[in-house]
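Given below, in the form of structure tokens, are the structures.
Heads up, the next two complexes both have chain A, just with different partners, chain B and then chain C.
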Partner chain A sequence: MTYYEVVTTTVTLYAILSVSLNIVVGYTGQPHLGQAAFFGLGAYVAAALAVRHGVSFWLCLPASVATGLVAGLVLGAISLRLREDFLAVTTIGLNFVAIVFFEKIPFFGGSMGIYAIPLPSLAGHQFTPLDFALAAIALLIVTIAISAYVDSTWFGVSLRAIKDDELAAASVGAPVARYKIAAFALSTSIAGLAGALYAFFMSVVTPDSFGFTESVVILAMLMLGGVGTIRGAVVGAAILGAMPELFRFISNYRLLTFGAILVLILRFQPQGLLGDDSAVVLALRQAITRLRTTRHSAHPDTLIRHGPA
Partner chain B sequence: MFVSSLIEGIVIGSLYALMALGSSLVYGLLRILDIANVAGLVLAAYVGQDVFSGTHSLPLALLAGIGSASTLGFLLQRLLYRSLLGRSPIVPLIASVGVFIAFEELFRLIFGPYELNFPASVGLPSFHLGGNLVTGVELLIVLVGCTVLVATWAFIRFTRVGLTWRAVAQDRETSAAMGIRTSLVMGVVFVIGYGLAAVAGVLLAINYNSITPTMGDIPAYKVLAIIVLGGLGSPLGTIAASMLIGLSETFVAAYWGFVLPRDSIAFILLIVVLLLRPQGLIPGEPVRA
Partner chain C sequence: MALLEVDHVSLRFGGLYALTEVDLSVEDGALVAVIGPNGAGKTTLFNVIAGRFKPTAGDVRLNGRSIRSLGLRGVNVLGVARTFQIARPFGSLSVAQNVQAALAPHRDAHRSSLAPRWCDADARRRLAELLELTELASVADRRSGELNIGGLRRLEIARALAGDPTLLLLDEPAAGIGADGIRPLAELIRAIRKHGTTILLVEHYVGFALSLADKVVVLDEGRKLAEGDPEVVRRDPRVIAAYLGTDTVEAQ
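The block that comes next holds the complex of A and B.
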């Protein structure tokens, strides 16, 4: 039973990261190949506070969010000055620097990482794997809600405008600089929070769990599912996260598979599986339209009474 | 300490310049940040080591390495990059990242996860310079680095083929209209770019006597940093950025090593320079379309 809970928690954490990455990459159109660094930062801050200073799980969570927020504000401010491919390089570099700092800075515990992170408890009850799975799912729901809410606001509309044409967005009054920074900060705060949950869940953090390849894995999930959509981010994470579990032989070729998927998606289906205008979505939409039209032609009255609205 | 840091910095800077030159050429021509070039570097190190352990001939090993990496480069541009040319520059970069991590896994599966040695002797003597030992390999790295960089610069600057490269870099469509075979130019630049990475890979492996599947990680990020720092893919900018990073790393490691981890310095330089001069250190040749 524990096995399923562990897999659920892992996949759900990936989904949270993928949905949070979508705010920067999908909505705002900024390249970001360093999400794992912020995930790791949150995990390390939580682990160090819990193990070294005996801070409780419930106080580590806001601390990790705050760290992710501050780091995201800095990255967002830097992003304003950089052309898009230079920004991509900067975010790639972030991964390597984050690892170097995790390994070399004494506060972060060196190359052995930090271990024996105590289990969190709520009202005297220690967390079980099931509790972690539920907590992760709750966090995913909150993340999706925030992401969907953002998409429905003026803020979200402005982000998409920035993605399409920064100059045009600015000319209609969108505060481009502030909104870009806010998108980065929101995304990385969520990643920091997910990191804190991950640290307590694993009870150990090591530098190499948060490397460049993890950032690429998260991006591959988002790209496979469909950049710009929440459903794509979640489905992509579910597919790529569960695949090594469902097909044991893949776990030995994990990065090979993910790298190949990334290349194939970019080459042949850049919208991803479930992105807007992807083959699957178009086919579904066509099927639904066909279904509707046949029903409508069978009952012509319904057309008049309700209208196509 | 100053002289030894200076020597080490120049050696490392030359190595970085060699590693970055291939990607830098590709970037100059097509504005593609090609991290998969470093996969070519690691491939050449593995193939070179394999041939060397069979034949004990360094030239053969080098040739085999260059051949394998150039083939990879040619195939990648033919099968992948060419179809991504019209898209935003992020797309080929992410695709090359996918190629890079896939190859890292392939190296692990084919050559094993453990460290391989490359105990080749380069036939150059070690000598002392100001009380510091300079090994034959280090001397070779500096010599090869200088030769290759000057040769590449002169080739682009003075030959007719180099002229077609610059033309294609400026405007692909107009060049094609003028009768330049742009697809041939692209193929040649990838073959040469990956060949240069192969030379760097073999030298890197001999210098540290070590090859691992993930040996490309840190070089990949530094190569990207060097291209961006150096400006728009000009060989001179590449040299300047490589030397800047090589020297800063050794000097910071020697004097303030306890504060800043060595491999973070390239990144900090990258951020600082980009914030002060977003166009790079030496904007150089007008290679942007």
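The block that comes next holds the complex of A and C.
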């Protein structure tokens, strides 16, 4: 059944992008509405290398990572000069710059894009749709592992400190500028890698696959699931990615539906479905606390705020 | 040579003189209090020392080295840590993570910031010490945004101490904590001092500041009005006129 494998690969690629976006938006607190541009850059570099220079899939992967990395370093450096709202606008602009780039530069094949990207092979065996699905899942697992690891490091706690209060973070000695750039570069490297896999999976890349809309969809997935958490990024991608497949009629109104969901989420559950203060997570946490307090006698804490903030 | 020298520092925002030729020196191991009425420029002076504002004129030196244009991080890594008058916790992080975020930039240079936090035994010990000292151990896993003002003040101090600073800038640590909190806070500050940390304290509660300090500097309208022994400053008629005359009763 090729259909399920194709859907799985697509949804998994979205999950990778959403988890990688979370490093910038969720951990570091920087607005980023241009992740699709880096995804596209990775895809285009891989496609061009494979088709024009006969570079193998396995060498295209590191090339796309490197491209994402360099582009992310540049964006990170730019981000330092911009206040939050201007950074958001700048990242929106990136999407349009990227499309012009893909359309106008001959290396990238113009508005026709690049097609007939050869199927990758491993030890003489050509990739099947199932192999792509498995490769995407493997890449998602690696992305989740990297993301969770970063969150457990000293670097990771500094990123979250920067998100909460940049000035206080600098006051305790955090290298704010360097860490912001690093967060962007890590995130866009992963997006570039996902792009390479996407190019070989689709066997064709066209400029309009990587527009602003896709960036918004990726951010919407993260916000639906819960910004700042890996589980939220994955679940949000699964829901929004699978929805057009599960409900056929939605696919004609995909953006309209996503927009409506986003508005409802922001109004009623701004932490996202599984974010740290969402109803689901709070209920779970309370249940756990109840279990604990029945075992240990609770004592009133004099350092905790009582009543409304 | 004094540990900290503020040398003829002026700071101007457009036409507003926030600080005018302020001189101040803090000897190694001392506890110096800066007092003055609201708007006197106390917090602004801290912001200049900590690297948030670059002085329009004058210099700030730490151990003889100019720190006037090093920025917040640059000043902090040289051993100057501060607390904020209005607490600025990393609100989504737990109390322990707040202190870890402050420990992170101060670990040994050979230890990678890409190492997991749990596998650094030294840092774990230091974290436990800091939480113990500031009596935050019982709420270590609570989100810092849930702390009340007393808890937040302690967290500010724990974070500032994380890098084992040579100079600690305390910005109104007693503000808002109520009469019950004053005595434990004074004990905490004395304990920090005993450890060898030099302290510069900005305080609105005069009685509290005078009881701790060995030198007092009085600011008024961005200028230094008086300086000296707490008892002498307390009796200085200019100081009484500017400030103490209206405030002593409330402060004691």
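By our rule, the second predicted complex is superposed on the first by the 286 of 309 C-alpha atoms of A that agree within 3 Å, B and C clash if a C-alpha of one lies under 4 Å from a C-alpha of the other, contacts with A are read in each partner's own complex, and residues count from 1 in each chain.
Keep in mind that, in the parts below, a contact is a pair of C-beta atoms (placed from the backbone, for glycine too) under 8 Å apart; a residue touches a chain by one contact, two chains touch by 3 or more.
Source: prediction; values computed, not measured.
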Broader residue contact with chain A after superposition on the shared chain, chain B or chain C: B
Kindly classify A:55 by the partners it touches after superposition: chain B alone (first), chain C alone (second), both, or neither? neither
So in the superposed three-chain picture, is A:250 touching just chain B, just chain C, both, or none of them (first/second/both/neither)? neither
Could you tell me if A:276 is touching chain B, chain C, both of them or neither one (first, second, both, neither)? second
Output check: A:173 vs chain B and chain C. Expected answer is one of first, second, both, neither. What do you get? second
Could you tell me if A:137 is touching chain B, chain C, both of them or neither one (first, second, both, neither)? neither
Now for A:73: first (chain B), second (chain C), both, or neither, which partner does it touch? neither
After the superposition on A, what does A:90 contact: first (chain B), second (chain C), both or neither? first
Looking at A:163, would you say it contacts chain B, chain C, both, or neither? Reply first, second, both or neither. second
Just which bits of chain A does chain B share with chain C as contact spots? none
If you look only at chain A, which of its residues touch chain B in the complex? 31, 33, 78, 81-86, 88-90, 92-97, 100-101, 103-105, 211-213, 216, 219-220, 223, 252-256, 258-263, 266-267, 270
Residues on chain B engaged by chain A in the complex (per definition of touch): 31, 33, 35, 80, 83-84, 87-91, 93-95, 97-106, 109, 217-218, 221, 224-225, 227-228, 261-264, 266-268, 270-271, 274-275, 278
Residue ranges of chain A touching chain C (in the complex, touch as defined): 149, 152-158, 160-161, 163-165, 167-176, 228, 276, 301-306
The chain C residues in contact with chain A across the complex are 50, 52, 71-73, 76-77, 81-82, 84, 88-93, 97-98, 100-107, 112-118, 120, 135-136, 138-139, 142, 146-148, 150-151, 154, 159-160, 162-163
